[in-house]
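Multiple structures follow.
In what follows, chain A forms one complex with chain B and a second complex with chain C.
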Partner chain A sequence: MGLIIEAIVTGILTGGVYALMSSGLTLIFGVMDIINIAQGILVILGAYLSFVLQQHFHIDLFLGLLITMPVMFGFGVLLEFVFIRPLKRDRTMLSLLVMYGLALVIEGVLNLIFSADLVQLQGWYTTASFNVGGFYLSYIYVFGFLLAVVLLAGLYWLVYRTKFGFSLRASMQNRVAAELIGIDVERISAITFGIGIALAAAGGMAFGATNAFDAASSYDLISRVLAIIIFGGMGSLSGALIASVGMLVVEDVTSVVWSPVWASTVFFILLVIILVVRPQGLLGQAEVRKQ
Partner chain B sequence: MIGRYLLRPRAFLNSICVLIVALVALSACGSSTTTGTGTGSSQTTAPIKIGISVSLSGDFSADGKALMEGYQLWASEVNKSGGLLGRQVKLDFASDASSTTQVVTNYQKFITVDHDDLVLGPYSTLLTKPSSVVASRYGYAFIEGAGGGPSVFTQGLHNLFAVSPPVVSQLNGFTSYILSLPASQRPTTAAYATEDDPFTQPMIDTAKAALEQGGIKTVFYKVYPAETTDYTPIAQGVVASHAQIVVLGSMLPDIIAYVKAFQQQHFNPEALAASAGPDQGSSFTGPIGGSNVAEGIMYPNGWYPGLNTYQNKQMVQDFIAMFGGTADQISADSAEAFSVGQVLQEAVNKIHSIDNTKLIAELHSDTFQTVQGPAKFNDQGENISAETAIFQWQKGSVVPVLPPDQASATPEFPKPNWP
Partner chain C sequence: MKILKMVGVLVLLACAIIFPQVFTDPTVTTIAVFTLIFAAVATGWNILGGYSGYISLGHIAYFGIGAYAMALFCLHWNIPGGYEPFLLVPLTALIAAVVSIPLGWIALRVRRHTFIVITIAMFFIIQLLAYNLIWLTNGSTGLGLPIPTDWGGYFFNYPFYYAALILLVIAVLVSWWIRNSKFGLGLLAIRDDEDRALGLGVKTVASKLAAFAIAAFFAGAAGAIYAYFVESIYPATIFDPNFDVAVVLMVFLGGLGTISGPILGALIMEPLQQYLNLQYGENGYNLIILGGIFLLVMLILPRGILPTLGDLWRKYRAMREQDTAVQAEEGMVITALPGRVGRSTAGRDESAPTAIAPNQNEPGEGINV
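Coming up: the complex of A and B.
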């Protein structure tokens, strides 16, 4: 029983980190109707930026986010301007190809700079832990979860409590109608893309502090994050959060109770069931519009 | 279209004839190229092309890079000394991204498109199995250094030669040592976790059987998919078992995750052994937080920098000169690749040819010297002369601790607590 509780707690904490990565992806899809297939490699890029700041400038991983997140925000805006905005027709399909190509280029550059050696972000909290009810809880998982809560709360406030958020949600509901009422949808798109990439940077730091990674880690990440946002409902922030935590808890509990071999399978069975019952995912487009 | 030909049978026949002539000409070109490769003709001075698939991304990326460096070092040494049969060696690398599908494509391309004279093996049992089948299909000798899982040798291939020690018995030195401890010191419980990989699982299962036979109770045993990325629940299971010995069938990413998790959980087993990962030098110690964290961790291997074997000292010096770093940072994968090159070089020099058929016959009949020790192959391609030592991280370095006749230090037991 203790192991199951431990698995649930770990699943919730790790799920928070995945929520950070997937919320950026789902936000971009919601506003721009594109699937940013490069989100995985951008998460890894964020992790490498934290690595550089830590190794060469001895900047704490969490403090380093004050640098990496704005940098990645700017990079995201630039990517949107250069690669996404020029796509006027078949935007969803073409953006998939463009972002996949971009992901390959970024992966190649990262391999060139950092080689294929695995690295892991270090800090006093990456190995330290504290005792809770008989088992040790690692600080990095707790801090990573708290970071996710703070950033997602901030994102929620931005989306639902500000004028920018009003414009953003209007763009999510109907781009043409939003333009007709005077919203600068292209500007909203660029900022949204930047926010999504900045969240990837934060998720990357938390991921890199809990896992050894190299550029190729992005493939596993993007497949998991895509599964999460499909499960939660494409474009739904709360859906991404629920699905992230749900996926990790289901996998961890299955691993403990049954076998690690079935951990992913059980999650994907649940995903198929959800898609059969609710093709739009747990909290798909309709739910977002209601909010 | 067809109707037009039916109305003009002569034109149709002419077209068929042209097609047949073209096909015959093409196949003649193809066969002449195939025959031309690997004949070992001493007339040509063109470089000898050797196709090698390496894992430069994916799960085996660190090992793949080390393997590539070993091959590069060997080729550089050979070329500096005048080449192979007077011809320069040119390595034709392609990355397989640790994928069993891509590795097959790569070897298919080396042989049928690039017309490489020879091919050498990739990293891991997983990738060696399908690629050796491709080489066998085209009659190419397949010397490899990093695919020693038992399933490699049950494929019935005549062209495969594994220069490194067979995997299945690699932890025997470790299990014998544990069982030889006085009853008062001997641990009584063990936990095992292994990837479902043909390299790791047989090794762990053999160790488990030996320890169980010696009276050591198994308190945890889990097999997990090689694609696993979240090791936390498995590590928690090991921790909760309170096992005194932990034996892991791991590669580099998982052993890093386990060490981190055990540290976080303040779990200090008396002995910790892993099939692979700790042999990766700084690629292992960097992510876990330094070589002091690695203190006491054991792993099996056929090579270490101080091994007194054929050309080993020279190889270590040359490796540092070529790639930098220190002797301790050299991965055993590099030595395995270098050994592969040595065996190839000796065999080619003995038969004065790079003809693959002659090469296979020679490899089956002789004994070869490598930096890992002697290599003598049985019918299945296993190196029956190879010996495996158990290594342990001690004070920032790797030292052989078992068996006693190969040891340069005594095993550190029990393993010290995490720093």
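Coming up: the complex of A and C.
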């Protein structure tokens, strides 16, 4: 029983980190109608940036986010401008392929620079742990979770309490109508893309501190993050949050009571069941007729 | 024109048949075998993605199922290396198609982006199962296939080449037949406006599912030949997400929804990929170059080669027709107000594409070569 409780606790804590990555993805999907398949490799890129800052400049991982997140935000805005904006027709599919091509390039570059050896981010909190109710919990899990809570709270405030968020939600609901009432949807899209990528960078730092990674880890990450956003309903922030925590809890509990081998399979089976019952996901909106 | 097309197709087919006799180098024929296999997958995929508009990024899952089915049959039925395993190809393809039906039914309940993402997720689920169902698939240790010991040297690739060529020809015939059938018309209607198609009496659910299963069928058959050709299969090399995107890119590069587009795309993409892997695989530049080419193609030729060429051809034809029309008009109304000619040509400019529309004998976009 103790093991199960421990699994649930770590599931919730790491679920927060996945929520960072998946909320970026679902936000980009909601506003721009594109699937950023490069999110996985961008998470890894963020992790490597933190790695470089820490190895070569001895900057603390969490302080380093003050540098990596703005850098990745800028990178995201640039990517949107160079690769997404020129696509005029058939955006959904073409952007998917373009982002995949980009992911290949980034993966190749990362492999060249860092080789295919697994690395893990280090800090005093990645090795130290403390005792809660009979089991030991590494500090990084708690810090990563707190980071996720802070950033996601910031995101909610941005999306639901500011003028920018108002424009963003308007663009999500109806792009054309948003343009008609004077919202600069292209600007909103660029900023949203940047925010999504910046969140990926933060998630990447927390991921890299709890897991050993290399560039190829991105495939595993993107499959999980995509599963999460389908489960929660594509374009729904709260859905992504619930699904992230749900997925990690299910995985951790399964690996304790059954076997780590089946951990993701059980989640994927749940996903299929959800899709049979509710094709649009937990909190997704049913698709309306395309005009 | 029709006869010209027929002759052209037959000449191409003859070239394909004598190709390995002319270029006997095993390196070349190996690349040719891979190209034909992926051309067959792409042609099958195009029936779903190109005709019905449902872009699946998970059909390599069925390729993998075909590969594993082939390996398992050979293993459990003790089939020796030789021509016998090729007889199993239709069976493995059928298995892939049968597996695809329930999965397709789930995935096809949603549309557009959500469908894409669900097919990706399903691909990863099946990959995971290949890793985890150790009693069946032997996990990451992989499975071996019988090795045809009688075939040696230059001859080794020939049976695979012709098997893949036969598969490709069947796929193209099916694709062509569907394109010209009522079923295909229904698929195109689904692509253009699914709800209206449903309202007009197209059995959308059954049609989509049939297209999904046909695409899975050809992927499964190709996977079986591929597995026999490479001789040992592992979850990581068979369920490779790069294959998935490569197939989609082939279709997009050649021309989505055209019959010959996927083949053209495969002819360009697969040798390029193989060449990059051979040349730059060691130092890792292959991913960067491939990704770069990928980006360029998507940004410069977003509609694919054939549709872009078709557009240019149509524009050229329209321009020529317009020129002759303007000359005729100028000859007739030489005394009219100067502005009149300009206005009438402007009007013609707009109507030009529709004016030549009767010359196109197929629905939808793209030239049907």
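Following the convention adopted for this analysis, the second predicted complex is superposed on the first by the 285 of 291 C-alpha atoms of A that agree within 3 Å, B and C clash if a C-alpha of one lies under 4 Å from a C-alpha of the other, contacts with A are read in each partner's own complex, and residues count from 1 in each chain.
Simple rule for what comes next: a residue touches a chain if its C-beta (ideal position, glycine included) is under 8 Å from a C-beta of that chain, and two chains touch if they have at least 3 such contacts.
Nothing here was measured: the structure is a model prediction, and the numbers come from that model.
If you put the two complexes together on chain A, you find that chain B and chain C bump into each other. Legend: residue contacts after superposition of the two complexes on their common chain; A:Leu112 is shown touching chain C, with no touch to chain B. When the two structures are aligned on the shared chain, A:Val98 is found in touch with chain C, with no touch to chain B.
Of the two partner chains placed by the overlay, neither chain B nor chain C lies in contact with A:Ile188. In the superposition on chain A, A:Leu155 contacts neither chain B nor chain C. In the superposed pair of complexes, A:Ile44 makes contact with neither chain B nor chain C.
Using the contact criterion defined above for the overlaid structures, shared-chain residue A:Asp90 touches chain C, although it does not reach chain B.
Of the two partner chains placed by superposition, chain B and chain C are both touched by A:Val261. Of the candidate stretches 44-52, 80-88 or 98-106 in chain B, only 98-106 runs into chain C once the two complexes are overlaid on chain A. Shared contact residues on chain A (touching chain B in one structure, chain C in the other): 107, 111, 219, 261, 264. Remark: chain B residues 56-58, 61-62, 64-65, 97-98, 196, 222-225, 227-230, 232-234, 236-237, 240, 252-253, 256-257, 260, 263-266, 283, 286-289, 418 touch chain A in the complex. For chain A in complex with chain C, the touching residues are 29, 33-35, 83, 86-87, 89-90, 92-94, 96-98, 100-109, 111-112, 219, 223, 226-227, 229-230, 234, 261-262, 264-265, 268, 271-272, 275-276, 279-281, 284, 287, 289-290. Contacts from chain A toward chain B in the complex involve residues 2-3, 6-7, 10, 14, 107, 111, 115-120, 122, 126-129, 135-136, 138, 211-212, 214-217, 219-220, 224, 248, 251-253, 255-256, 259-261, 263-264.
Put simply, chain C touches chain A in their complex at residues 55, 57, 106-107, 109-114, 116-118, 120-121, 124-125, 128-129, 131-132, 193, 195, 241-242, 245, 248-249, 252, 283-288, 290-295, 298-299, 302-303.
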